[in-house]
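Two complexes follow with subunit A in common, the first pairing it with subunit B and the second with subunit C.
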Partner chain A sequence: MVFYAKRLAHMVFVLWAIATILFLMFRLLPGDPTIAYLDPSFTGEQRQMILHDFGLDQPLWWQYVLFLGNLLHGQFGLSFRQRLPVTDMILSVLPNTLLLTLVALIAAYAFGALVGALMAWKRGGALETIGIPLVLATRAAPEFWIGMVLLAVFAFGVGWFPAGGATSPGAVFTSNLARYSSADFLRHLVLPAFTLMIYLQGLPLLLMRSNMLEVMGEEFVIMARMKGLPERTIMLRHAARNALLPLVTAFALGFGATLGGDVVVETVFSWPGLGRMLVDAVSSSDYPLAQGAFLMIAAVLVTMNLLADIAYGLLDPRVAHGRR
Partner chain B sequence: MDGGSTIVLPAKRRGLRTALRRYFADPYAVVGCVIYVVFIVLGILAGWLAQYDPTEILFTDDGQLAASLPPSAAHWLGTTNLGRDIFSQLVMGIRPSLFVGITAAVGVSALGTAVGVLAGYFGGVVDTLLMRLTDVVLGLPFLPFVIVLAALLGPSLQNVVFSVVILLWPNAARIIRAQLLTLMQRQFIEAARVTGASHSRIILVHILPNILPLSLLYGSISVGWAILTQASVSFLGFGDQDTISWGFMLQDAYASQALSQAQYNWFVPPGLCIVFVVAAGFFLSRGYENLIFPKLKQ
Partner chain C sequence: MEFVRSFGRVGREGFTMSINHPIKTTRRAMLAASTAALAVHAVGAQAAGSPGDKIRPIVLLSKPQASDPSLFQAAQLAAQQWRKLGLQVTVQVVSASEQNATVWNKRDKWDMTTWEMVGRPERSDPDELVFSLFNSSLADNGYDFVGYQNPEYDSLAQAQRQELDRPKRQVLVKQAQDVIGKDVPYIYLVYPRRSAAFNNTVWKAASIVTEAGIGIRNFWTFIGAEPLGAQKDMVLNCNNEIDYISPVRMDAIGSWVTDLVWDKLTRVGLDGEPRPWGADSFKWTSDTTMEVVVRDGMKFHDGTPITMEDVLYSFELPTHKDKTPQFFPFVSNIDSVKQTGPRTIVFTLKAPQASFPTTTLSKINLIPKHVWEPLLTGMTGKPDMLENFNEEKHVGSGPFRFVHWRNSEEVMLEANPDHWAAPKLARWILRIVPNQEATLGMMKTGEMNFLSLFTGDPRVLAELPKSAPQITVVTETDLGFQFLAMNLRRAPFDDPAFRRALSASVSRKLMAAAAYNGFGVPAGSCVSTALPFWHEPGSLIDGGDVKKSADMLKEAGYVLDGNVLHYPAGKKETLAAG
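What follows is the complex of A and B.
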């Protein structure tokens, strides 16, 4: 219990520190954030009014207090450009990002675990000789470039999939559920999810392979062999099951990290998600929106790190002993 | 086993030779090295290899804009939609990538080593403060933070290197600190302290040589990350628009509808170059890992 409380306090501290860094970065770095927003033709009075609306005429420390207070209420302020509450804007695109990430991650981990186990089983075979350099190459390829090639081939080339967005223009849905389960949405999801998957599968694959190799040398596997169990049973029921454990932690960590990496994939496919919102907000100097999107991604990342930590202790009690 | 016997250390040079032989016994390390050497040589010769100025707008003999030409003898990889020579851009793009990769690697290993050594050596409050700082930096989403920094500091290669360095050092620092904690228990450190060696002497003479392999490993891993990051930042439009880099070429191709025009000759080569250089970095660090942790090799 003490461990969980400590970890939670630690997480809150990290989030507070990140929020503070972000606040200071946007306000103290050279360049006036309001320049991008304020038209030079505004009169001094108009300028003051807008500054006042956004609370930018207050002293820095008071802005900081207001900022933290709003954060506690889940409020990120108003978008400079759209004049809408940032929280609402983020929540409206969040499902798109979460769905994309989850689908890609699950596909990547299923594929990685399967092929990684197979590689360890058929050690030294052709699969490994060709497979490992290929996997390392996918880890080395920029995600957006994989996306560009897929777009050129499957969207513009053979025309199987749409070139961008999450739904066809003009499509109307009765509910969110209908929207996310519609064939239209799923067709739009294929290419970005596949791009992310190609990038993500390398880690679970290599991890699974090395875990398997390690587990295969353990006594219970030798025992199973001595019992005369068929090789298939040994590999699947004994070795693979145990080798899967570390993948659970990697999945949680991967979820947090992917959310940050989604930025490029979402941009390539014009996918209306959190990452693209962040890029748009930063390039149009919409600081409240950029701040909100960034903090949202950071919050997911830090939470996932915490979950990974907890899962690690629960799944492998040997680890938990050393903590406290 | 009498206490008076001296331990015979192998001669330094032979040690290096065995290390090199063991390193290059790994086929990945050899391939990685070859790719690096090729790219470094091409990078040095880039000015001579590029037949055209990569930013120059070219015209055909009959005065037409040499736009979107397919690959030919005059333009090995064809031209962009604005009549720029793609091959020349590609070879000139080697330089910024190598610059970013190598400087970021040096920065990450230097900063990571410094923090790890300070935290592990002095312990106590210094350790706690530095480790909390590490936690905070590890909580920052990587690419979003680089973008925000690039937007605030302005687009330039140096700023990309700076962001990569301040985000990647914690991984190296954590491992090096852990290594230092075990190192501090060793007798030769205590012996040095008893004989009155100063902090700086212990760190520089006794600790650093033992830590160096690890910091080099983390440096070599950072090369690939830095190159990928630079490409992503350029692609998202936060890169230096005056530097021809592979990321810039890809962004240019994407924004100029090269995908729908099926100009594979434009957007495939820069991506492949990135794959080669970054994968070579992975291969190199893999061979290197086998060298430092021989037990891991199975």
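What follows is the complex of A and C.
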């Protein structure tokens, strides 16, 4: 219990530190949130009005106090650009990003774990000879390039999938559930998820392979062989299961990292997601939206980290987190 | 202040213009005065004849290459020419927002910058650009960000604004361009040529029309586009997020939508001239009064008729400057609006304004009083602005009705069959597509059937019909222009002779061909060739001869010493590089 309480306190501290850095970072970056208004009619007086409206005419420390106060109430404030609640704006695109990330990540880890295990098992075989360079190449290839190639082939070439957006133009749904479970949404999800998966599969695959190689030399595998168990059983039931552990951590961390790093895939496929919103917010000096989006990603990352720690303990009771 | 003026007199000819005029007592003016005072001492101290100080290294601000490859390339080419004149020029790449913030809010902190004025339908009247860009009253924090000050120009700009006789106004607008042509506050580059495209198997080609200086993405195309087959939805693209859809606010892309959802009394026609729309007619009854007969039988999308009260209220609401600061300037010249007959209203202006039918009547959206009055009342006494208000439901009266707006995804409108100019298409769906290359593929596959803008390589788009004959590409010279701006507050740019020499070393024709791949028309003034009636062709002085520029500098007293350009005799460098 003490462990969990400590971890939780640690988490809160990390989030506070991130929030503070974010607050300062955006205000120190060059740029000006009133720039979006530039027009022949724009005057200095108007600029002052806008700065006042944004609260940017207040001293920095007071802005910081207000910011923290709002955060404690779960408020990110209003976006400078659109004057909409940041929470609403983030929530309107978050499901798109979460679904894209989850689907791609699960696919990448399932594929990576299986093929990684197989490569280790058939060490030196044809699969490994061809597979390793291929994996390294896709891992090193830029996401946008993979995305554009997939677009050229599957959208513009054979025309199996749409080239952009999360739903067809003008599609109307009765509810969010209907939208996210519709065939239309899933069809639009395929290419971006596939791109992200290709990009992500390298890490779990290589990790799994090296873990397996290590595990395969252990005594319990030799024991299983001596017992005369079928190869498949040994590989999947005994070796792979034990080699899977580090992948759990990688998955949890990968989730947080991918969430913020989806911006390339989201741009290539015009996917309405958090990454694009974040980039737009930063480039237009929309401090509240950028802070909110970054904090959201940080919160997910920190939470996933905690979950990984907990899951680790459950999957492998030997990991006791210093409990006595 | 007297010091400044006297310096103006002792200074060389070039100096006189920019300094020898009344300066407001601001902090900046005080600083300028003290700088000038130092310079005056320097004049006394130095013997005439020996060259002045070395000109500091000049910094030219530019957005990253990716955000506008042509303009970036143009900046590099110009810098290259200027280096041959003995200047040390660095092109410094900054983000768009940093560039804006520096140029706009730190007005005495930069030397040169790349810049663009974009084309918009209301700029079909030259007034906005001619009046605002070089107006000394806007130098401190308005649109005259380069700090150009010339009383002669100010009065010309004011005169054209007030001249209601078209031919006479034309003369004034051309004179204004000539003055700028001589004083060179900007180094004009090109009027960009922009391409858009449509699918000719979905839309009848003859129903897609071109608006002067705007292209085929215009109001008249959207209400007139005729579907040829079963596909009756127009699916088009934009590349950026929409910030606002509001009838009392401007937004780069949001305005495409407000234009269709809300009606106005006039609209800018294909020829760039205002024509009656929500009005049956409009006419000047004196220099400062305009009579408008409002069209009968107009209805809002919620079914209520547009009353004369709604029309009057539409012009009254923006007068609340603290609630609608963006729209306030459009009505600031209106002294009163009164109903004088069952469908007649009379606008009385504070001063004559020739552009009124374009810059005000075609700009102010007709809004329902029953929706906006309670909102305004609710905000009175609060710091909130009405222009920041996001409506749940948009009630306009235009040819299209609002259906939905999904952040980062799309805006959807549907045809309003009850409108007197009901569109022929069924739904207008604006997709936000940040991937420019993908838009071309989408046009080919039919996912999109109207390409409203393309910021990629224009040559690729121009080639598209060869492999996809169903696509028709239309290219139009833009109302806007791209240029290199100089900060006239800072030496050596305060000297017109220096500016002229710099400008003369740049060949616009070469620029249009090399940096813009032919997708630009050499520019010499702020009035585009897309407006042939107002454009002054004589304003274009195509240069490119470095030798000639060097001679111009020499004549103005600048000295080339060991490949480094020096100020004329007695002039000190008072600024640090950058």
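Everything below uses one rule, namely that the second predicted complex is superposed on the first by the 299 of 324 C-alpha atoms of A that agree within 3 Å, B and C clash if a C-alpha of one lies under 4 Å from a C-alpha of the other, contacts with A are read in each partner's own complex, and residues count from 1 in each chain.
What we mean here is this: a contact is a pair of C-beta atoms (placed from the backbone, for glycine too) under 8 Å apart; a residue touches a chain by one contact, two chains touch by 3 or more.
Nothing here was measured: the structure is a model prediction, and the numbers come from that model.
Shared-chain residue A:L151: touches subunit B and subunit C both.
Once the two complexes are overlaid on the shared chain, A:D280 sits against subunit C while remaining clear of subunit B. Legend: residue contacts after superposition of the two complexes on their common chain; A:G159 is shown touching subunit C, with no touch to subunit B. Touch criterion not met for A:G69: it reaches neither subunit B nor subunit C. Legend: residue contacts after superposition of the two complexes on their common chain; A:G125 is shown touching neither subunit B nor subunit C.
In the superposed model, A:Q46 makes contact with subunit C only, not with subunit B.
Of the two partner chains, subunit C is the only one touched by A:P272; subunit B is not. When the shared chain is aligned, subunit C comes close enough to touch A:R81, but subunit B does not.
Of the two partner chains placed by the overlay, only subunit B lies in contact with A:R139; subunit C stays clear of it. Under the contact criterion defined above, the residues of subunit A that touch both subunit B in one complex and subunit C in the other are 30-31, 148, 151-152, 155-156, 163, 267-268, 283, 285. Those residues of subunit A that touch subunit C in the complex are listed here as 30-32, 35-44, 46-47, 49, 52-53, 81-84, 89, 92-93, 148, 151-152, 155-156, 159, 162-167, 169-170, 172, 267-270, 272-273, 276-277, 280, 283-285. Contacts from subunit B toward subunit A in the complex involve residues 28, 132, 135-136, 138-145, 147-149, 151-153, 224, 228, 231-232, 235-238, 247, 250, 253-254, 258-260, 262, 264, 267-268, 270-271, 274-279, 281-283, 298. By the touch criterion given at the top, residues 10, 13-15, 17-18, 21-22, 25-26, 29-31, 133, 136-137, 139-145, 148-149, 151-152, 155-157, 163, 210, 213, 256-257, 259-261, 263-264, 267-268, 275, 278-279, 282-283, 285, 290, 293-294, 297-298, 301-302, 305 of subunit A touch subunit B in their complex. Partner subunit A is touched in their complex by these residues of subunit C: 94-98, 100-102, 104-105, 128-129, 132-133, 140-143, 233, 235, 240-241, 243-244, 250, 322, 325-326, 328-330, 383-385, 388-390, 404, 406-410, 412, 427, 429, 431-435, 437-438, 441-442, 444-445, 447-448.
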